[in-house]
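Two complexes, one shared chain (chain A), two partners (chain B, chain C).
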Partner chain A sequence: MLLQTDVAVQVAEASQGGMKALAAAIAVGSTGIATGIAETAIGSAAVGATAENKDVFGLVLLLTVIPETIVIFGLVVALLMLF
Partner chain B sequence: MLKPEKMGKILIAAPKDIMGVVVAELHRQRLFHVEDFVEDRDEEYEGYRIGLPLEGASQTSKDLIRLRSVMSAFSLQPEELKPQEMARASALKEKIEKDLPALEAEVEALVNRRQALENKAKEAEQKIEALSPFAEVPYDLSLLSGYRTVTVLAGYVSKKPDLGVPCEEYFAASKKGNLLIAAVPNAYKAEAERNLMDSQFQAISIPLETGTAKERITEYAAKLELVNKEIQEISTALDSRKGDYAGFLAACEELLSIDIEKAEAPLRFATTDHAFIAEGWVPKDSVGTVSDGIIRASAGKAFVTELPVEEEKDVVPVEYDNVSFARPSQLLMDTYARPRYTELDPTLVVAIIYPIFFGLILGDLGYGLILLAMSIGLWMLLKKVGGEAQQLVGVLFIASISTIIFGVLYSEVFGFMIPGIEPVLPSRHLNIGGHAGGHGPEIPELMIMVIWVGVATITLGRILGIVNHALHDHGSHRIKAVLANLGWIMVLWGLLFLIWSFVALPLMPDLTGMPAVAGGLSAPALLGLVMMLLGIVFIIRESTLEIIELPTILSHVLSFARIVGIGLSSVAIAMVVNFIAIGLIIEPQLEQLTIFGVVIVIIGAVVFLIGHLLNTVLGVLGAGIQSLRLNYIEFFTKFYKGGGKKYNPFGTKRRYSEE
Partner chain C sequence: MPEVRSGGPVPYVYVCTRMRYRKSKLIPKEDYYRMLNMSIPEITRIIEETQYKKEIDELSPFFHGADLLEHALSWNLAKEFQNVQQITPGVLKSFVRSYLRKWDIQNVLGILRGKAQGMKQGKIREVLVPAGELDRIFLDRLLKEDSPERILEALRGKSVYPVIAAGYAAALEKESFSDIENELYKDYYLDLLAVAGGGLKGGKQFLEFIVLDIDIMNIRNIFRLRRERLHQDARALMIPGGSFAPDEFQDLIDLEDDREFIDALKKKIKVRLKPLLLLLDEMGAGKSIREIEIDLIRIQLGQMELLTKLKPFSIHPILTYLEKKKYEIFNLRALARGKEAELPTDRIRGYLVI
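And then the complex of A and B:
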């Protein structure tokens, strides 16, 4: 009986760990997709702008990475979940 | 420091006949930023007209156009030339008169000849192209055309067709396609074409040549080779001419460009029939130099005076005034916007906090040393070129030193722990492949650490905002703007006090144990609440709409979490590389070393090198761009406007010619 509860606890802990990992994966994965979607529009406009005027390269590179905040928040959430 | 170079406004008035002398002197000094004269804008300049170019301007432009056409024939870029001896302007001018026409004629003849040959080559290539489908046909090509009663159809088909009409056929299957040539009497032409449609017939035009196609192709190829050889000879001749004249041409180009710049300067001046007036900006320290120089050059005939600067009305050009350590960061400022003359120039602040962010993100002794070596090497390479590229290397240099310092503070070298050094900052050592030393990563502590960085940066930004408004605004708006900035600081810190009194966090004051004073709230909680409310009132007093910006207090502080996020991902990649290269490839071989094992160990070393090289590149990109973003978006938005006019003094830096 005791052994059984022990095993049950172990199983529960393992599945909890697995759930955490899954949740972290969803946090990083979905925010990554969101960042990607946001950056497509900015990125194509940025390439267009750079083609017209090379001087804006620094500025548009910066504008392109602005949505990276989303995935960074995802990463932060994932890290907090895992550690 | 924190202010752009102080500028003085200068007015020069002189008779028109010494305009050339004054312009030459201004050009030599390279200090005078000309304020373009606009007709009918200012009342005080009524009756003045824009000046006309100096004498000889049109001849000089003609010469310059001819010179540039020669240079483009040589495809000569002055930037690619090595530094050389300066040429005297007078000697150059003589040479331009004497040598340029002959050189021009020679180059033009060569270029024209090359053009003609290139056309010939193209023609031959087209002929060969047209003949190539018939290369294997054994008949004389003249037999395939020129009939009155018979039509010759030629083309590729998918399979051998049955034309179903009386005709003569030639069919050859090949890799390129199945060639069909059919001679059909005109009466059956339509029927034959219909039948050909079924086998996807693609017609080819029959070349009007005599002899077999093979013979003709050989002939044209030989001709093409001859032409190409001649083109090659001409190119060699042009190259040798380019070698002889590159320096001379670059010097002439510079000289003539300067002459034009000088000759066209009066287009920016206000003139009357007999006199002209030029207004412009000079760094305050150089006002004396400029006016003395002009008076001396004009033998006292010019009148120079300093005008009072009206900061409200005048658009004063901005030149940075920074200590040498901060100078490379001017590039980062210009990428965003040059400061206005009236506001604080935050270059120095950026020069300090940008490397700190960079180091906090990358923070690795090994990568820092690689970057340091790289930036020193690039610095040596770019020493002569100067300009933006060198500034960028300067930024990288400072950032790499910061990376080394933070690498020691994190105790990281290529993802390993530095032996014998305990991390001073919260540890970032993940446990990948069982190689991590110490007590694993301290994620909550790292997060709180960067939140402190964020709070400090944003508070500093708001303080700079207070200074900006206090110095340059007037009346009630000034008080409102200062208080609004103070309000933002109060909301931020009030929120912190509230959090501290409810939650105990690592690396932050723990105020949870304080006794409740009123309404179940402890003293710090009440203080926080009052600060927040008062802050919000201050913000609303300046602009009610700003209320919608309140959540940015949280989001901007949390945005600094990217320092941890990107930093940890870089550490993780480094550790994975170490694990793959050492743990999985090298170590198992070292237990029982065989000859084959040595090869594997070498492969492991290569994996290690490439992995860390890639991670360095990723790290520099990630850390570089994200630190910049923190500066621009989280820091600058608090106080910085930018949009100043660049100080661009009249004159050119001479590289090849001297007066």
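And then the complex of A and C:
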């Protein structure tokens, strides 16, 4: 009876760990995709603006990486879940 | 340059950003007012500081005064339009290419008319803007041809050939190319409508632009024909594809009373052309046909700007830029030629589309 309870606890713990890993993967993966979508339009506009005026490169680079914050949020959430 | 093939908004965003930037670099209204009080060398110096520097530097050893400006502006316009064609990716390129065919019509007719009047090659070359399918080398070849038959033969295989070939003998006999010109423009707009309705992505927006262009052109023709009071069947002069049916077009021209005409035209105009309704209300002020035409161009540009704002990533920003660039060149030419002819400032201002 004691052995059976131990096994059940171990299974529950392993399952909990797996779910955490899965949640972390979803958090990073979905925010990565969202960042990619957001950067598509900004990136193409940035390339267009830089092609016309090279001086704006620094500014448009900054604007292009702003959506990176979304994936950083996802990463932070994932790390909080895992550790 | 390799053609960018991509679904989604990427090509639209890229090219529309570039066009918006270029549009912001066009000469502002205030500069035209300043230039009105300047001499030709001063105007040349001012525009040399803008995007025309390269052309003015290249051509300054060969021309001066208004001729230098005229040549530099034509070169710049052709270069700019060809560059826009090159940088426009995907389906947008086919829209831009078909739109720029208008310049082929203008160039070929310029050569045919110039040759018929016995003008010198250099003088005809001044008015050519090789921005369409026919490049500078081809147009130079046409200019070198002496006989009308050889010019026609050289055009074989080009998009303008079938229409010109059909009416060429009659035009030479009548010594007027106006019928060919009408047919070429009708064919051009039919081709544009076919491209817009061809199922390409963004075709709907392109269609909006073409219908606006056709409507404005037909309204302008109605004003011109009414002013001339020719009382002939003008249905053949109407460009099909816009808001007017041929009979409505004819009825508007035939109306004797100006008030009745304005009321009838108002009923035909769609709500989105609100500025045109305002213009029609002012018609009692006795405007000349030139003033009306300039007002119509302003209305068209205003509407195009509105469409650009409504659909920022479509064909509209590209076409709006191309049209605005065209009128910048027209304005600078008007300034240069007006100054050369020593016209009063107010008169020159009347020719500017600002």
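Assume the second predicted complex is superposed on the first by the 83 of 83 C-alpha atoms of A that agree within 3 Å, B and C clash if a C-alpha of one lies under 4 Å from a C-alpha of the other, contacts with A are read in each partner's own complex, and residues count from 1 in each chain.
Here, contacts are C-beta pairs under 8 Å (C-beta built on N, C-alpha and C of every residue); 3 or more make two chains touch, one makes a residue touch a chain.
In this text, all values refer to a predicted model and were calculated from it rather than measured experimentally.
Chemist: Overlay done on chain A, so just call it for chain B and chain C: clash or fit.
Modeler: Fit: chain B and chain C sit side by side once superposed on chain A.
Chemist: Tell me which partner A:Thr5 touches in the superposition: chain B (first), chain C (second), both or neither.
Modeler: neither
Chemist: Figure out whether A:Ile66 sits in contact with chain B (first) or chain C (second), or with both, or with neither.
Modeler: After superposing on A, A:Ile66 lies in contact with chain B but is clear of chain C.
Chemist: So if I put the vertex at the Cα centre of chain A, how wide is the angle out to the Cα centres of chain B and chain C? Nearest 10 degrees is fine.
Modeler: 50
Chemist: In the superposed arrangement, does chain B or chain C reach more residues of chain A?
Modeler: Between chain B and chain C, B touches the greater number of residues in chain A.
Chemist: Of the two partner chains, chain B (first) and chain C (second), which one does A:Asn53 touch, if any: first, second, both, or neither?
Modeler: It touches chain C, and chain B stays clear.
Chemist: By the touch definition at the top of the document, which applies to A:Ala45: first (chain B), second (chain C), both, or neither?
Modeler: Once the two structures are laid over each other on A, A:Ala45 reaches chain C alone.
Chemist: For the superposed arrangement, tell me the lowest C-alpha distance between chain B and chain C in Å.
Modeler: Checking C-alpha atoms only, chain B sits 8 Å from chain C at its nearest point.
Chemist: Pick out the shared contact residues on chain A: the ones touching chain B in one complex and chain C in the other.
Modeler: The answer is that chain A has no such residue.
Chemist: Please output the residues of chain A touching chain C within their complex, sorted ascending.
Modeler: Where chain A meets chain C, its residues are 40-41, 44-45, 47-49, 51-53.
Chemist: In the complex formed with chain B, which residues of chain A make contact?
Modeler: 58-59, 61-62, 65-66, 68-69, 72-73, 75-76, 79-80, 83
Chemist: Would you tell me which residues of chain C are touching chain A in their complex?
Modeler: Going through chain C, the ones touching chain A are 8-11, 13-18, 21-22, 87.
Chemist: Would you tell me which residues of chain B are touching chain A in their complex?
Modeler: Interface residues on the chain B side: 335-336, 440-441, 443-444, 447, 558-559, 561-562, 564-566, 568-569, 625-626, 628-629, 632-633.
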